[in-house]
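Next up: some structures, all given as structure tokens.
Both of the next two complexes hold subunit A, though its partner changes from subunit B to subunit C.
Up next is the complex of A and B:
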């Protein structure tokens, strides 16, 4: 197992290095530069020259890349790391305990939840800082810029993910059990409808229906069109804060969840059908086991395994933020920062976010592979 | 999974990263002192009725978020920075939204030659004097003084700071008093009008890391509101500056009327419109389009007021005169006047404004229209749409050059209006019998490389106008034969060393521009401005098309005293005067 993880980590590092080279080169080759906007002001020439030198834009591409890479992996703050380390250690211990002691079939989900909490605890108590440079748009520290948005992105992403899983997986299971029934056909049609509808349409549609018309019909403001919180949020009571949070969070979370749950339900349905038609299930039925026991105990556990990969990748992509959704709903997440950085040709911010997403995907893939082994004893790490 | 939802919600509700920061700010209205021991008054004096009520909040939405709040550093020139800054920045001048003229802000009056504020000295230098308003103070009550002006000047000129030093670097001496500031420029220039638009509070900013300390927060306010919070990605929240010294001259009331102002950042125009419809925001100025204007105007019966004005951003088509044009179009004949004339006669500007701007504004007769319409000589009115005349001019160009002249049009492909324009041009040039081709590019490529290298034939983009003579004069730099890129702004390369057109007109224009930059006499300036305008028009260096629309909307039953300012003053130019209509009564 250890050898496997080490090998995967090495592959991951090579992948990340290649990713950084490709994205850095593409950014440079895309034409234009961060100072282009200033060029249209004929009185800015001296300033442009000064900034070109200060930001190293006059250096050859390879030197710019190496400077960026060295800075990116260089910590400039060595404050104690005990909170993240303790969080990770506890998560590892709990994972071990779950693997060894827990016998019920949801232990994969339990492990996932533990790690989500651990990562959240580690990120929010992060005491290490890397020198990711300064933003070309406003001189902000890139590390601060990116991590100031992560909380908002996680808030939206995890809520949407939870909604999608809670609805999507039971939906897929039920569709598989009642294959070709009216409900199955309806679910399939709904899933394809959600798949084929652009998120922009869903988002704006929800704004119009649930925020504008619903308020007109009921006379009560149930949901907000945009924003994460009311500007006076800090002065609200806990109950008011929760209500305010739900009112702002509902529409963007539902928008993302509608598309995700379509994916989860289709995936779960296919996976469940495959298991339901397997020999060992037929044997279980032939032995006279109750239908409920066959489905829940024998079919569901194996049918859930492919979902792990899907959820893992979703969490990884979540770090990059829901770019369009965050823009539609004025949500202050990483996705919006990413879009703004691309529009402003802000290399340090773009590179930082791309690499964070890359690291997330590599890490979550490794975690998914480990969870595979936990959930399916047939999987061996050779 | 339920845990996940619960976790997300509880974490969101309990998080200190609540989008408004950790600090809890409460705005308190100071009630009259009721602890007096004096017996109750029995006189019959009555308190004067306030014309406008105090209190309440206005929420303004914008699709841009400032990259920094520091207006001096790169990124601080973003329009949203000044839109928000209208609430707390203080400086020499601002732009009146009603007259579109420069008006004094922190000074008693704007210095001119006639009022003695500007003096051209015998040694060829020019001295400008400001008299600071006695009542002007920062939010902490410290008087705004000449030292603040001096500190601002020193900060701008600090060689270690990435700040545009243009014109400030020509200051040869300065003198600061308690309520005066005087500086001398090496030579007369009307650009002095634009200097010291924002002043720094010396007693607070001195000793700080100017580039890094003022990106996320703001120095002391000298305006009607003061900075409270910036929730990144969401909003900037401002609260009333109780020490603001401004007075509404009409009502005699102290400003501002509102207690709070919030600027919300919503990137998607569609969402801005929905937020406005839902009355989650009170005032917006979205990028104008026919659909948006129609949508907003449909809300007028419900209480919205929509202002659609000609803005100060002016679109123009232009010719490249440098050798790079031949890379794009070997058959370019821009050096031939008849070819340029044929193009001018082939373009129907009325159709362009009708199709692109839904006929909301008239075509421009001159680029001066975008700055100071009263000064414009309408120099481009000599060219009218006439396909037959265009065909004749084209034939003359072909005969004179011996080439099969053609036009290759380049502009940005990610701007709907420009794409529409390129489509309309196809029909117009075909009607005139001029071979024509579209070759559009992404804006990053167009502005990043094509413009610098002069590798276009027939191009289109926009420049930004502004109020006052100085703003107008600075745009004449764009045609300066002595200023090709990368050091200068003459991207057209008209009259530059490598230009295909160097003649008496380019020489005279260079003289006019030099004279323009060396005089501060209004009448002389106007004469030079008009001569320069005519030279550019007569030689068809560019063809001004139209000013972009500037649209703004407000819920008039909620916010009073709102007036859109289509210049770089922006729709928040008089935010101190805004009041809640729904508090009246």
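Up next is the complex of A and C:
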């Protein structure tokens, strides 16, 4: 198991290295440069020459790449040993907590969850920084920039994911148990409707109905349509802060959740149906187990296996931000920053985001594979 | 006469499909005595498995439904029982073993978990005692090293071993009735006899009645006291094994026996095959269901469905001409050769 994880980590590093090289080369090959806009102004020649030299743009490509790589992996004001250790501690904690949860060892899972939170809290209050460079567009330090955005993206992404899972998974299970019932048909219709509606229709639709018209008709301002918090957030009390956060978060989170819950419910329904018609479920019934136990103990565990992979990969892609939703709701997340950076040929920012997404996908893939093995004893690591 | 352990009366189980109503089991009645080994023989689709599933009440509405009938176990009608009472019967008093051992065990739980689940469900024992019972059950079905194997998962067992586990699970609560639905069909021939011997030996020790469902006449011949032959959802003939094999009274049984390979006959004889195919149970013919394939059919067979009539002690046949036809005197293979000569 440990050998397997080590091997996967090595493969992961190779993948990330290859990813960084390819994206770095593509950015250079795409033509234009970060300073092109300045060239329109004849009085900027000195500045252009200065910046070209400062940013190392006059260097050969391989040299620029190596400089970037070295800076990217070197912490500024922190012992470099800390980083992988903390990352491993959190990943291990999360993994084992889920393992305990899957085995119905609630106590163990709770202890591990608290431990993960403690480590997370300690780490977020520490100052750890990497030298990811300065934004070419004048947004400042890339590390600060990306991580201020990652927080916003995580807040939106995890809320949406939680809503989608909490509603989508039980919905799919219930639909499978009551296959072809009125409720099942309704759920199927709703899922296809949600699945085939573009996110900008859902997002704008929610804004119009739940924010604009609701306020018009009832006079109550329940939801906000833009931003993450009120400008006067700092002066609010704790309760007001929580309410303000929810009011801002609700609509974009629901928009994303509606679409992914449609997917999850379909997936869960199909996977559950397959298990419900399996021979071992008939065996469980023939034993004399109550129906509830047949479903919860024997069917659910098997039906959840494929969902784990799906959700793990969704989390990985979530790190990249929901570009359209973030744009509609003026959400200061990674997705919007990504678009701005690409348009402005802002190499350091683009590279930083690409690598964060890459690390996320590699890490979630490994976690998914480990969980797969925990849930399904037939999977072997060798 | 003593009360039978299980009495099935006029059981009808129908499935509704897009094409129409499938009358999978259509009015069957039989008794099962304590400790009896009863074989249920028939082609695929004759209603054998549905009979078993009906007894266990594992027919799931809305697709399938037990339309009428009584299934009395020790005098109590299982079909009128509340679900929780039925759960106590299922697995506890009436256990079932299924056809395909490869898929009948849950892949994500250990053998021990699955065995102990059954035991703790039906017996008031501690976890530790349940473990001991489970271990003993594995030892009884001759699985080597039962202590270690309790911790293993189904995929670590071979097909024969899994079927042994299923038998152990079925018998772990000392049920009164064991329903075995083609328990050896998915196994290779060399393990079949071993598994059958093992299962029936253990059943005898516990005085458990066995309802053995199979399409393999050889299996019932060797292992069953009584046999009932099913055709298109109905019982066409039932009686003791000897009677059925040496004195078939229904043309279908007679045809089936003719299609068996027998070691005591000359090898040159061609095996008989019953002409035609079983009728669709959606669109059953009026009158006798076997009439379209029967070489002795008369007018009345096309009009009246022959009831299952007692023709001797513990012997019933559903044929209008059961008394007149002396089937054992007619060699089915001989007749066929003649017919072929006439055609050529």
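Going forward, the second predicted complex is superposed on the first by the 334 of 382 C-alpha atoms of A that agree within 3 Å, B and C clash if a C-alpha of one lies under 4 Å from a C-alpha of the other, contacts with A are read in each partner's own complex, and residues count from 1 in each chain.
Throughout what follows, contacts are C-beta pairs under 8 Å (C-beta built on N, C-alpha and C of every residue); 3 or more make two chains touch, one makes a residue touch a chain.
Keep in mind the model is a prediction, meaning the values are calculated, not measured.
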item	value
Fit or clash - subunit C, subunit B, common subunit A	fit
Subunit B versus subunit C as contact partner of A:376, first or second or both or neither	second
Touching partner for A:289 - first (subunit B), second (subunit C), both, neither	second
Centroid geometry (CA): angle subunit B/subunit A/subunit C, rounded to a multiple of 10 degrees	150
Which superposed partner A:50 touches (first subunit B, second subunit C, both, neither)	first
Which superposed partner A:336 touches (first subunit B, second subunit C, both, neither)	first
Which of subunit B and subunit C A:152 touches, first, second, both or neither	first
Partner chain in contact with A:280 - subunit B first, subunit C second, else both or neither	second
Which of subunit B and subunit C A:298 touches, first, second, both or neither	second
Touched partner set for A:36, first subunit B, second subunit C, both or neither	first
If touched residues of subunit A are counted for subunit B and for subunit C, the larger one	B
After superposition on chain A, the shortest CA separation from subunit B to subunit C (Å)	23
Shared contact residues on subunit A - subunit B and subunit C	none
Subunit B - residues contacting subunit A, complex	1-5, 7-15, 17-26, 65-68, 70, 73-77, 162-167, 211-212, 215-216, 229, 231-235, 237, 260, 262, 264-268, 270-271, 274-275, 277-278, 280, 442-445, 447-449, 451-452, 463, 474, 477-478, 483, 485-489
Residues on subunit A engaged by subunit B in the complex (per definition of touch)	30-33, 35-47, 50-51, 54, 109, 113, 116-117, 120, 135-140, 145, 148-149, 151-152, 154-155, 158-159, 161-163, 165-166, 204, 207-208, 211-212, 215, 221, 224-229, 231-235, 238, 241-242, 245-246, 249, 327-333, 336-337, 339-340, 344-345
Subunit C-touching residues of subunit A, taken from the complex the two chains share	278-291, 298, 301-302, 305, 375-378
Touching residues (chain side subunit C, partner subunit A) in the complex	56, 58, 83-84, 86-92, 95-96, 98, 100, 103-109, 117-118, 121-122, 153, 155, 166, 169
